[in-house]
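The structures considered in this document are given below.
In the two assemblies presented below, chain A is common to both, partnered first by chain B and then by chain C.
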Partner chain A sequence: MGLLSDPSRREVLTRLITRMNTPLCVVCYVAGILWFVGLAFEPLILRMYISENAMGSTMVHENFVYGERALSYAREFSGHRKKMGGMPVDWMLKTLHGLGLEAHSQTFSRTLPFPDELRERYMVKGTNVFGILRAPRAASTESIVLSTSHRNTQATGLLLTLASYFRGHIHWAKDIIFLFNEHDMLGMEAWLEAYHDVNLTGMASSVLQGRAGSIQAAVVLELNSDVITSFDVAVEGLNGQLPNLDLVNLFISFCHKNAVLCTIQGKLPRSDGETLPGYVHALQTMLLMVLKQGSGKASGEHGLFLRYHVEAITIRGINSFRQYKYDMVTVGKVFEGIVRKLNNLLERLHQSYFFYLLPSLSRFVSIGYYMPAFVLLISIPILKALDLWIKLSKPEGNQQTTHTERDVSLLTILTPVMICHATGLALYFLPVFGRKDAAEHFPVSETEAVVLSSIAIYVAGLALPHNTHRVLLSEVTERGWMTLKLITLLYLALLLGCIALINFSLGFILAVTLTPAAAVAQPGHLKTFRALLLLLVSPATVLLMCLYLYHELSEVPLTVLECWQLFLQAIAEAILDHHLYGCIVYPFLILFIYPCWLLLWNVVFWM
Partner chain B sequence: MGPGCLLLAAAACLLTAPVPVGAQELARCGQRDRFEEELVLKPLSTGDVAADFQFRTRWDVDLEQREAQALKVSHYRLFPKSLGQVISKYSVRELHLSFTQGFWRRRGWGQPFQQAPPGAELWVWFQKSVSNIDTTWKELTNVLSGLFCASLNFIDSTNTVTPTASFKPLGIINATDHKYLRYSILPREVVCTENLTPWKKLLPCGSKAGLAVLLKAERLFHTSYHSQAVHVRPVCRDDLCSSTSLELTQSLSVVFDLYASGFAKKEWSLFKMFSRTLTEVCPLASQSTIYVDLTDADKENEMYELTPTPLSQIRTTLHGQWRSYAVYDLLNPQLYSTPSQSLNIALKGKPAKQYREPVVPALHAERYVSGYGLEKGRVNTLIYNNHPYRGFPILLMETVPWYLRLYIHTLSITTRGKENKPSFIHYQPAKDRERSHLLEMLIQLPANSVTKISIEFERALLKWTEYPPDANHGFYVGSSVLSALVPSSVTMQANGTKSRPNFTKLFPSSDSSSYFVRIYTEALLVNLPTPDFSMPYNVICLTCTVVAVGYGSLYNLLTRTFQIAEPSDGLAKKIANVIRRMRGVPVL
Partner chain C sequence: MAASLVLVLVAGVTVRAVLFRCPLLAEFISERVEVVSPLTAWKRVVEGLALLDLGVSPYSGNVFHETPFMIYIFHFLIDYAEFVFMTMDVLTAVALYMAVQDFNRITFLKQRFDYESKKYGTDVIDLIRTPKEMCHIPLKVALFYMLNPFTVLTCVAKSTCAINNAIIAAFMLATVKGSAFLSAIFLALSTYQSLYTITLFAPGLLYLAQKHYLFVSLKCPAFWAYSVKYAMMFLGCLLVTTCLSFFLLSSWDFIPSVYGFTLSVPDLTPNIGLFWYFFAEMFEHFRLFFLFVFQINVFFYTLPLSLKLRDHPMFFMFIQIAIIAIFKSYPTVGDVAMYMALLPMWSHLYRFLRNIFVVTCILITTSFLFPVLWHLWIYAGSANSNFYYAITLAFNVGQILLVSDYFYAYLRREYHLVKGLHLKNKAGRDAHIILK
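Let's turn to the complex of A and B:
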């Protein structure tokens, strides 16, 4: 630390930071992007491997042969479902009892904050049915959950068959819960909240009877066809949480064992990772994962388990136009294998990674590999802030003004900070509270009212606050905006640093877009350019771009109008996700990132 | 007791006593040590079959008196010497030990004769002569650990409690000062053959004759539930109760999962369940009986066929219900007069046409942990009183290990949405690494209600050496114990009026309107914040770096005072000046 305590060497350091600031920032940005893009190059990253000993070495023989029975259960179930127009509760309970399981049901109801137009629901009432296969000679301290939504006919049939097949075995060490939920995510949330006896989202549900200790792992099955061509695995959970990589590995290993094709993000595996097309393919897959994770939405019902420290994945059976198809026997075998191995677990899944990105199913990028990219990006606002700090701490030519300025600076800085955050709060509360009035006065539905008023407040925020200091201060000086920018940059770095620890993808997307704009934001010449750049990276625009990029990458290109509609839908979904499942991305953007961005906007229009 | 029995008992005395005894001796011998065995088979409403064995050995010796007279006990007949020595050495008044694998599903299986918590449970009443109870307890657990091949040596002060109200002596009561009581539960204990073998060795006939022939490990551990117990208690020697005897009750309950074994029909036999049949009675037994519970079958007028046809049937009250049993007295040689010279009780019945909801027991409880995250949580106990019109009080005992720090102020007891104030509460807070929490409460349960008891806890961060090898498995919290006098829906018969399964004798009903029930809730598995043990080296390196570079330099910068240093004269200059002075030239 002689470097900092020695005044002359400190001088050298400060000179380096101030003189070389812009080149340093550019280098950091470019290096950060390159590092990230390089992560998808297969020779650079690690191959997948199972870390958990209890799952790795033990052999399991799958003997499941009851594919036909699964299909007949599925047909019977779909008949009863049609008759009931929903979950056939009585039939399910009877069937589960008949299979020798302990069967229970749980009713729940939830009124959404505003109607969900995509899924056409507002006041939701439903019933979850679940059967518990009690493991012999185990004290119900641990369990595994196998779940499906009642929409998945074949999956329900398969789970019922697996239940009857598993019932005849004595090697279970953990109870197995077969859960059939209604209204997919909502039902799952209701069941999980009731199982853990918490109320996080205002769900009204009946008291849950029949528990089986702490849930060790969960597998959600989505299957809607009699045969499949491949499995797609979804890992991204709520708020960008991911299940332990060993669970994904387990699934892959059983796909390989049964020679079933498995995909991630709907992208087929390729073996040419070293070539350019192979690399591009891997990069696309990884970007898709980053976008999905960054959205904070659960990509399947499994995403809700992760909050409760239950490792879970969703497995989707895909039936495409490929030639080679797999029947229910193979699907059942894969599941039997997975459950048998999970049953062998002695501890919770903890050996493998919890933070990773998947460019393919054979390779993964661990947190140690991707974090440097983010660190490089986040060093830009820190470097800029240092630069400003050094400049501010140096006495300027006229000593008197500095003195007077320091006295008023607190007020000058605090006012825009307060106003920006107040705008964020307004944006958070007003649309949902005022939706009824808006729907009365304008010819729009409640959902549209929420979305459009959000956009209106968002845009109004741009025009709102940036003249306060001119009123408060007699003269406008350089130091005012520099102090404000210094604070904003530090605030931004803090926000991004925090969110990247929770949800790397969200942090990275925001860092890629916000940091360059934050670095160049300042009043003076090129003001229009700076303002435009800032507009281009505003959270809403970033959302729009991400939507576009996502559909480009998943090979369903959008027109501009479609993109706009999806944008409106995405806003409504984000608000609903926040209220229904406790997703933090929407409030984080609205209450923190948006005010921070407004502060930058303030800086640009300081003079 | 018939004359045959007497003869048998006498023969047994002759067999075991090496010296010839006179006629008077023989008569006294008949009065002394006694061995009884019985098996109750009960088809459960889920289609499973529960088999409850009970072996009772009475030892006519008054340990307390002998001890007072400083006499050593050296003569054993039917009573196992290994256990007898332990009991006399450590001045044990009562000993109750159970090993259980699995959990008794009350909702489907109904009320058991005796429930036991998953894992191992040990509670002991010491005699008043014991001066240092904690040391004696420690020694006793170590000895029992060796005797039963179990990890009872893991019982230490952190999992031992002294309940004040929940556990009363089961034998004849002289004093109930609870300071002579120690209770401990090991929920993690796994029960297997190595625990069964020493248990079987305590039987006078071993597993060679009598009902014990059926106790084959490969079948007993192929069940849904396995619980074996040893109870030692002082009982009255005769009706006058002029002197006491020591009674050893060995019980074993198993539940056969007939579904998993591949026959879903209502059809079972001794051979199918135990892969053995009975061929001869234990010659030392003065009573050997098999009861088959036929209540449910009779109630629904189901067609069933029991072979061989029972010679007698009894009706008796048990747990507030009338129950009917088919009785096989194994001392009756008629039973073995089949061509195969063996007894294989079998039941054939038609499977029930439709699913029936099992009759839920009057008292039922359920326990679970709620909440998420690794900071806090809640332990919840739901207690169901299913009695349609009678409320009754229950005693709840919770023992929670110290690493779950209970917040006693968050204790809430609610019934039907209203607060339910306990009429008695005893709470002993935990001490870190020394003792666990003990919470005992007397709660009134209104009729037909659900009472929820919940208490918040904080998960402690252990020292890194305190984690077990499989730290991510979680930590067990033992079952809580509910004791209650449940009002009966029928008039209970007093004990001893009629022949009935001996099981009821452990918890005799004192009056005709209620019966005693002790139930155990589920054990809990709780995760504590666990460090990543796979990379301590990395963690140490990182922490040291952060401390050295980050903290060290910041501290250095913050505490150092900066002063402009006067450029001091260098050594060379000083030397040069000395030389200059010597030369008389002006200094530099």
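Let's turn to the complex of A and C:
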């Protein structure tokens, strides 16, 4: 109870917070960044290990030898696909039937809110084909999904071969679903919605004719060459959700067993984690993961499974200029091993971590390791808010005036808050609603209309008549902006805290950029500098910088013009992702972070 | 003043009506575990009604846990449920408004009397409450109740907690007006509804006794006589309601199904309370012991509080309602909203509150984190129950800090009123008062 009532101890605390505020904030920021950067240093973090008992101890012998057959299937499939100009449904159904699987098809259609110029689609119609291998030893209550998109010729061939090969085995305890989907993510979304009998996104699709119990795990294969040099594993799902680490571990362990090279974020693993170059490499890999996860986009088709509580990864076969290549037999063996081990699962994957960052494939950073970095960053707005609170609660003059002042400031605070959120709402609704009109009146396509009007509203938001308090109040007071800033800082901390739990990377990127600017935002001298700093960390600029950083890190540097093009594309895709798959990053930024940022902008231009 | 009250009520009703018109949102809210508990969920009321219509005892099947009165009320009013819940909120707000108005008037008279009879210290003019400051308090209480997001959510979810709150508010009004009989009736109804409010007997009795100028002391026979009278009225009403319930359904099924369910906590659905996680984790043979440990919290503080706050029964009532909201077995945000509505009554304690900023931040943050962690646990599957319970704990710690802060501030103000505001220690410097 001492802290509740002992004034001298509280005095020490308040003095610490007010006098040492700026140094404390700087220390927190630097410590937060250093902590985060230090996470990539391998000796500091945990080694990967398999937690799941059912997968750790059992041995599996892989006997897959039908590489040639896979290639011949692939050639046949490719021929039929060319003939049909899309998914060769009949051929697929016939082949799956021929292999002794229960084969079904599912048609779906979806009209996008506006044309997707990158993938050139607007009104999408397609058919998914899937075959269920019924397990001889169980009652179809659980299943494993192996999936590929119909663009991946070799992957389709391999899956068909695996289906025929698995058919001859007697040890399956879970049904295996071989899914071949059209229009990649859209097809996957349609299939998953139909499988779970929900309709989240306005997809029109036919009813599934066959199901195989709850899906325990899913592996998506992307393979487009006869031989591969390495595998790349993609883990980031929709909204930054990640699969259980054990699934990644499982894949890596089979790659090791078959001596296949595997990469993450397209970066080869290095064994010299303790040296500087090795550390920089790990840091780059981790930053790439942070940027990808922060974008909230699924980095493969597996990303949609995660929403249904199904652990899933995408595995990409890479064929680069490397000398040593692996043929289909090795690839098939890896998959056989993975499926066999997943078949051994007694319960859903849940033992290992769900919140992690991967600086390499041999080490991982768990939530307990990375959260302190975020907490240090988020303590900056909280410290600043405490400082402001202490300053505000010190009475100025006599009791009476402060009281009336507080009453007035409620109105002056509420107005900017409302205006900023209304701007956010306008930014969310107007571009998509008004795209037709915009495309009629200006020489732009619908997609361009959406993107450009978004940018226009965004910029216009800065120039809105925010400072209504000048009209409402005869004199502009110090307390006004201090209260507004106090509320904004707490709001920011709350938003960042919530989003960091859902998508750590997004929260961290926003915290790194926004917190220092939020801390220094205030009217008075150096206003231009503060305004510039705020502009530099506005959500749109951060997106631009992230795009640049991403391409810099993945070693395909951009020119300024390319970066701008990508920026426009990214906005269109973010809106589409939100409407098509329910990605929350775009609405979160527009409806919450942007208004919060506008409030800071208000604070700077208070006087 | 009345015009402003009507404005507040209209605003509150409008918000509720708009939310009722968004079926998806209303359904989402009514599924939230923070808003409805097994005891108050509307879904369960509907189920009970269906069973009743089929001629089956509504309590068979272990789904329905409302009292028989409730089911008969909604048997007739099921088509007007939305209207009933909005009316309940309006009634609560009006009752609170009137109760606080009357209480403030009496407080002011008492203060003037004390001041004129030189009971107060010399330099306490800053602490004296003025009519100007007090005149807006009833309106603020009504506002806090009508427009508190917690109350709005409770109403939109059609949680019967709103009805319990209305009864508590009616009890407060009856008590403040000095009507012992009505007060006993509403207390009995409230006890009948939610059991824990039996602890409000003590503040109710103290308030009524003081209202009738009785000397509150165990040595005073008049006080004893009054206590017995009030207790008899209360027990009589309780007996009548219970027997009526029996005649309504002609079975005693409701006793184990409502009160047994409340006390033995068999349903461990997560909520904002402290019970579910502990009892889910616990070994079965410790269960009974810990049931006592957990349940005693609600009742345990009544006696010491009634000794300490003997002269301040209204504040006692506030603290007791808060304690019930924190320690009851199936708390919802509706219970929290009830005592939060009373916070403006104590706005004069502001200068003595120490942690109000931190506590407010904790409460707001945790309220937003509840749905986030629920999503991570139940939908995304990446977090687990520990995450959600951590937030529950933080929320309850916030509430406890809030209540103890107000309690401390109240005692401190009373102390200063008597001893003077600017105390000097022996060395002649400003003295510090420390609670150890």
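Throughout what follows, the second predicted complex is superposed on the first by the 598 of 607 C-alpha atoms of A that agree within 3 Å, B and C clash if a C-alpha of one lies under 4 Å from a C-alpha of the other, contacts with A are read in each partner's own complex, and residues count from 1 in each chain.
Operating definition for what follows: contacts are C-beta pairs under 8 Å (C-beta built on N, C-alpha and C of every residue); 3 or more make two chains touch, one makes a residue touch a chain.
This one's a predicted model, so the numbers in the text were calculated from it and none came from an experiment.
Chemist: After aligning the two structures on chain A, examine chain B and chain C and state clash or fit.
Modeler: Superposition result for chain B and chain C: clash.
Chemist: For A:524, is the partner it touches chain B (first), chain C (second), both, or none of the two (neither)?
Modeler: Neither partner.
Chemist: Based on the superposed arrangement, let me know which partner A:368 touches: chain B (first), chain C (second), both, or neither?
Modeler: Neither chain B nor chain C is touched by A:368.
Chemist: May I ask you to decide whether A:386 touches chain B, chain C, both, or neither, giving the answer as first, second, both or neither?
Modeler: Only chain C; A:386 stays clear of chain B.
Chemist: Once chain A of both complexes is superposed, is A:309 in touch with chain B (first), chain C (second), both, or neither?
Modeler: A:309 contacts both chain B and chain C.
Chemist: First (chain B), second (chain C), both or neither: which does A:79 touch?
Modeler: neither
Chemist: Just to be sure I read the superposition right, which of the two partners does A:202 touch: chain B = first, chain C = second, or both, or neither?
Modeler: Touch status of A:202: no partner.
Chemist: So, A:557: does it touch chain B (first), chain C (second), both, or neither?
Modeler: Touch partners of A:557: none, neither chain B nor chain C.
Chemist: Among the partners chain B and chain C, which is in contact with a greater number of residues of chain A?
Modeler: Comparing touch counts on chain A for chain B and chain C gives B.
Chemist: Under the contact rule defined above, give the chain A residues that sit at the interface with chain B and also at the interface with chain C.
Modeler: Common to the two interfaces on chain A: residues 1, 4-5, 7, 307, 309, 350.
Chemist: Which chain C residues qualify as touching chain A in the complex?
Modeler: Chain C reaches chain A through residues 126, 354-355, 357, 361, 364-365, 368-369, 372-373, 375-376, 379-383, 404-405, 408, 412, 432-436.
Chemist: Given the complex with chain B, which residues does chain A contribute to the contact?
Modeler: These residues of chain A touch chain B: 1, 4-5, 7, 94, 97-98, 100, 102, 134, 136-142, 167-170, 196-198, 207, 209, 211, 213-214, 307-309, 346-348, 350-351.
Chemist: Which chain B residues qualify as touching chain A in the complex?
Modeler: 46-47, 101-103, 105, 107-108, 118-119, 187, 221-226, 257, 259-260, 262, 264, 355, 366, 368-374, 378, 380, 450, 470-474, 476, 522-527, 530, 532, 534, 552-553, 556-557, 560, 562
Chemist: Would you pull the chain A residues touching chain C in the complex into a rising list?
Modeler: 1-2, 4-8, 10, 241-242, 306-307, 309, 350, 354-355, 382, 386, 389, 393, 399, 490, 494, 497-498, 501-502
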